[in-house]
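Following are the structures in question.
Two complexes are shown next, each including chain A; its partner changes from chain B in the first to chain C in the second.
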Partner chain A sequence: MDFLFIAQQTLSATIGVNTIIFALAAIGLNMHFGYTGLLNFGQAGFLAIGAYSVAVPVISFGIPLWIAFLIGIFNSVIFALLLGVPTLKLRADYLAIVTIAAAEIVRQIARSATFNEWLGGSDGITGKFGKDFFALNPFKSGLDTPILRFNANDLWVVITGWSLVAAITFVMWIMVNSPWGRVMRAIREDEDAVRSLGKNVYLYKMQSLIIGGVVGSMGGFVYALSRQSVQPDNYGTALTFFAYTVLILGGAARVFSPVVGAMIFWFLIVFIEQVLRQGVTNNVIPHWLIGINQVSQIRFMLMGLGLMALMIFRPQGIFGDKKELALDAKA
Partner chain B sequence: MQKPKSIDASFALTTSPTPGSAKSDPILVADKIARQFGGLTAVNVDHLEVQRGSITALIGPNGAGKTTFFNLLTGYDTPNSGTWSFNGRALNGIPPHKVARLGMVRTFQLTKALYRLTVIENMALGARGQKGESVLRSVFPWMWRAQEAEIRERATAILTNFKLIEKQDDFAAALSGGQRKLLEMARALMVEPEMVMLDEPMAGVNPALKQSLLEHIKELRTEGKTVLFVEHDMDMVHEISDWVIVMAQGEIIAEGTPASVMGNQQVIEAYLGAHHNEDLSANQEGA
Partner chain C sequence: MEIALSLASVTSKNNSSLIGSLKSYCRHFLFLKASSIAILILLSFSSAISLGSSASAAEEAATPTKLYGTISGKDGAPLPNIGVAVIGPEGFAKDVATDAEGKWEVEILTKGTFNLTINQDDLPDGQALTDPTKSTVRANVFMLGVDLRLLFPIGPGVAKASTLERSAQLAVDGLILGLIIGLAALGLSLIFGTTGLTNFAHGEILTFGGLLLYYLSAIIKLPVLVAAPIAVLLGAFISGFLQDRYLWKPLRKRGTGLIAMLVVSIGLAIFLRYFFLFLFGGDTRQLPQYAGQAGLEIGLVNITPKSILTTVIGIIFIILATFWLLRTRMGKASRAVSDNPALASASGIDVQKVIKAVWILGAGLATYAGVIVTVNQGVSFLMGQDMLLLIFAAVTLGGLGTANGALVGSLIIGLFVQLSTLFIPTELKYVGALIVLIIILVVRPQGILGKKERIG
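This part shows the complex of A and B:
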């Protein structure tokens, strides 16, 4: 077994492009769910809107990429308003139902034949819509060391992506520790009490939905740019639930938990896969037990087992406080 | 300390003890408020005035519509008909947070302490006009730090008065039921209300804490605030209220000083039933 290869693949994934995408998706969810208590099950919809908003304007309408980013932010604000206006006055469960449906509507519209000309149908969009971005790449070659390996484009995405994650995490940290963040956490606990103290709860919940959604759509920017393609089926409900997994792994309502959760999530997925793959090809794991084609399914089974163990032994996540979690059972 | 009390005493003497009677200086006036849930009329209040600076108790048997009436007055529920005003300002269609900003702040029957916020955070949340509560300014801490320090100072003073200061860094969930009631009331004071609406402030509070809650409510009157509270504890009603309003089956059936109301035949009937003095066996024979 090539342990160095396993280490290289695993570490590269731990700080890689996918980790950045999931960290951004989960930072948005942390705003929604962790701090404000909004059950948004449609985060994938925000990522899809971010991804399509950078690809479509550039490819179909020849608009510069930088303006496409602004369009993406604008669109995700509009999407948040569409979700929030009818649901935020209702109980939390309605938001959950509406968001899960809305994200699917976004995906189905994107893959429908009707808009094939602009959105590319179920094949999505592939093309060099990110060339303005990669033109700024100062790295002529990639990084190739025994423990980390990125090609030139990925290296540029990783560096800019982590800078973005750092900046957003910093702003989030300031915001959730401000009086504004205090109102958000109070809404999570009991919105009627917050109303009785003269706060416009509806407005705050809308702000939370918009901010978390815009951060999620930035995850979509990274998703689209890093692959130079957008596939509608990448933005299904599984993406939302993986983002929740990331958040719960780290521990909800902690500023760093989405980042560390995403790192652990991708560390585990790639580590398990590489170990299994190496084990099978080197006959360490017998073929009657696991075939090479079963590896990618089995990694998710093991991942699921690991998560169950986490929920049993550390339900508060990595950063969470077990005592605080117990308080949730409204005494 | 005694001065406002004497004003209230004269108010109680000069006001007619009839349902819906006019007060010399009403802070809250409600007219023809009705709320139906399907076929059930939960609240049907013809006219009500609450005297400024008084402690007014709202009593009545279970299901009389007291809490529903509270919800209507504070904007948490909408009546089918009726008008009401606070400080002369009509409150129809005004959402709860705006009612609170106008100076009428309520507490809840089931205490709503914000569990995973610390006691001091619960308090600080109550302060009005916080610069740092705006989404844009929250990012620039130097714009709100000074104000936050002032708010914490005021919160600390109130917590000290309420004897919760040692608990200031604990989660609100770690407080006992009675302490949560105290916290909820202290938090309401952070809003600097003119009128405090307390929904069963004594429910589930042990006798020692009860006494301190009573003192705090009296203090509110001393500070010139108006208190309207729903309560089942008759000793408490007797001890602190200047005026008592009795509701039964959604309507106001009596008003007056605590002593006069408790001797009122209609009130006794509302609580105990019209036939409470009759022989049960005689009733059974009749049926």
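This part shows the complex of A and C:
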């Protein structure tokens, strides 16, 4: 078994592009779920809106990429309003069902042949819509060391992506420690109490939904740009579920937990994947037990079991505070 | 060679795309050991960053691109001997036809735009393109070695049936879909009502039922009529009794919160889904018995005998379940527990026993829903996941936690999904149903039959 290769793959993934995407998705969810108690199961929809908003205007309408980013933020605000207006007055589980349905609506419309001309159908959109972004890339060659390896473009995405994550985390830190953030947490703990103090709970929830959604759509920007391609089926319910896994792993209602959670998540995923894969190719794991194509399935099974175990035995996550978030809704 | 495109998608089959990307990276690294670094950089560059990047010359010569697809009819059964004409740049022209499994493929060696036209005259009666004007699809080959899958969506012969016939057929299809959803939704709703659990792993009970039936009938070779009752009993025991006894009951005793249990059910659903994929593979498989049963023309409607039988049995199950809820002691107790568990417990009802009964009943009904789908459309590991959102939509529509509401909601969703295809493209039918769900929640948040106090 090539342990150096495993280490290189694992460490590169730990700080890699996917970690950035999931960190952004989970920071958004942290705003929704961790601080405000909104059970948004449609985060994948926000990522899809972000991703399509950078790809479609550039490819189909020739709009500059920088304006496409603004369009993406605008669209995610609209999507948040559409989701929020009918559901934010309802109980938590209604919000969960409506948001998951809304995200599926986005995905199915995106992959439908009816809108093939603009959205690319089930094949999605592939093209150099990020060339304005990569034109700014100062790196002529990639990074190739025994422990980390990125090609030039990935290196640029990773550096800008982490800067974005750092900036957003900082803003989040300021926000949740402000009076505004305390109102949010109060809503999570007891909506009626906040209402009796004369606060407009509905408006605060809406702000939370919009802010978290915009951060999620930025995850979509990174997703689309890093691959120069948008595939509708990447934005299925599984993406939302894994973003929740990331959030819960780190511990909800902690500013840094989505980032740390995403790093741990991808460390574990790639590590298990690589070890199993090497084990199977080098006949350490017998073929009758696991075929090479089944490695990914084993890994997803472990993820499912891990999520269950985490929720049962340590619902506050690794860094969470049990007092801060009891992780329960008023039923 | 595969393109590094995607992250984590449950809908992608067998070879989940996250792994696809990792795999392609691995392949590049293996390649490094055998050849020069320059080629590696070019390769990983072109595949990981952009399809449009210049591919190396070595690659062009080595890897032809395959354009391929499967043509299957409205019922999901493959259609053999359908011609597909391929016309491409530099005078490229080739005619192929689908094989017995409805599959076709063309290998091409040049980049460019290819037009693929399906021969509509080859389609059997009652099968036609959902949009007859879209008989030609275009494939842009940017980079060789990247296979492209192309689809010709086939529906219930738009051009060949009158609107009346189509409406009648769709109404029947809708009622059957509504029944399938209803069988599953009843259990989901009862479990939600008595325990407060929003069970995201409920769809997996359907899949498990379908798989049980498949293994009993295709591997152990039992006749379907014997295998189906065994599957339902096994499903009720394993997915109902054992699941509650060894997973949810201990969690309730620990005092795990409702949201935490919801997330546990998501973890369970992910685990089971990939466990089924691991065991069963990514294909949709038909039962060996009654696979190609011919339909009967009854009035305006074409329906297979197996569909009639499974539907009638399903209706009987629903009637029995409703009778159980309304007339028996246990059923009444379950409604009391739904309404107020503490009060029910104080008045001498054994709440744990009621919950056990509800789980067994709910799982048995959902297993039978899986049996109906398997007998009529075949079984795949994604079956339950595909149904889950419709089930949730039905339950929410009727009013969370009300059993008769779940049934009404299911019928509405089933009929709406099918009948909406008269006006909107077939591929968007689920979108229509989900939009209706959201609209109804705005107008009447407690659902059609829900009580007002249930909302937040």
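Rule of thumb we're sticking to: the second predicted complex is superposed on the first by the 312 of 331 C-alpha atoms of A that agree within 3 Å, B and C clash if a C-alpha of one lies under 4 Å from a C-alpha of the other, contacts with A are read in each partner's own complex, and residues count from 1 in each chain.
One rule holds for everything that comes next: a residue touches a chain if its C-beta (ideal position, glycine included) is under 8 Å from a C-beta of that chain, and two chains touch if they have at least 3 such contacts.
Here the structure is a predicted model, which means the values were calculated and not measured.
In the superposition on chain A, A:Ile20 makes contact with neither chain B nor chain C.
By the touch criterion defined above, A:Leu38 lies against neither chain B nor chain C after alignment on the C-alpha atoms of chain A.
When both complexes are overlaid on chain A, the residue A:Leu197 reaches chain B alone and has no touch with chain C.
Judged by the touch definition given at the top, the superposed model places A:Gly306 against chain C, while chain B stays out of reach. In the overlay built on the shared chain, the residue A:Val171 is in contact with chain B alone; chain C does not reach it.
If you count the residues of chain A touched by chain B and by chain C, you find the higher number for C.
Looking at chain A, you'll find residues 327-328, 330-331 touch chain B in one structure and chain C in the other.
Interface residues of chain A, counted against chain B in their complex, comprise 171, 174-175, 178-183, 185-186, 188-190, 192-201, 207, 211, 324, 327-328, 330-331. Looking at the complex, you find that chain A touches chain C at residues 5, 9, 18, 21, 39, 85-87, 89-94, 96-98, 100-102, 104-105, 108-109, 112-114, 122-123, 126-128, 142, 151-154, 223, 227-229, 231, 233-234, 236-239, 241-242, 244-245, 248, 269-270, 273, 277, 293-301, 303-312, 315, 326-331. Those residues of chain B whose C-beta lies close enough to touch chain A in the complex are 74, 76, 95-98, 100-101, 105-108, 112-117, 121-122, 124-126, 128, 130-135, 137-139, 141, 144, 148, 171, 173-174, 184, 187-188, 190-191. By the touch rule above, chain C contacts chain A in their complex via residues 3-12, 14-19, 22, 25-26, 29, 41, 44-45, 48-52, 131, 134, 142, 148, 151, 153, 196, 198, 251, 254, 256-264, 266-275, 277-278, 389, 392-393, 396, 400, 425, 427-428, 430-431, 434-435, 437-438, 441-442, 445, 454-456.
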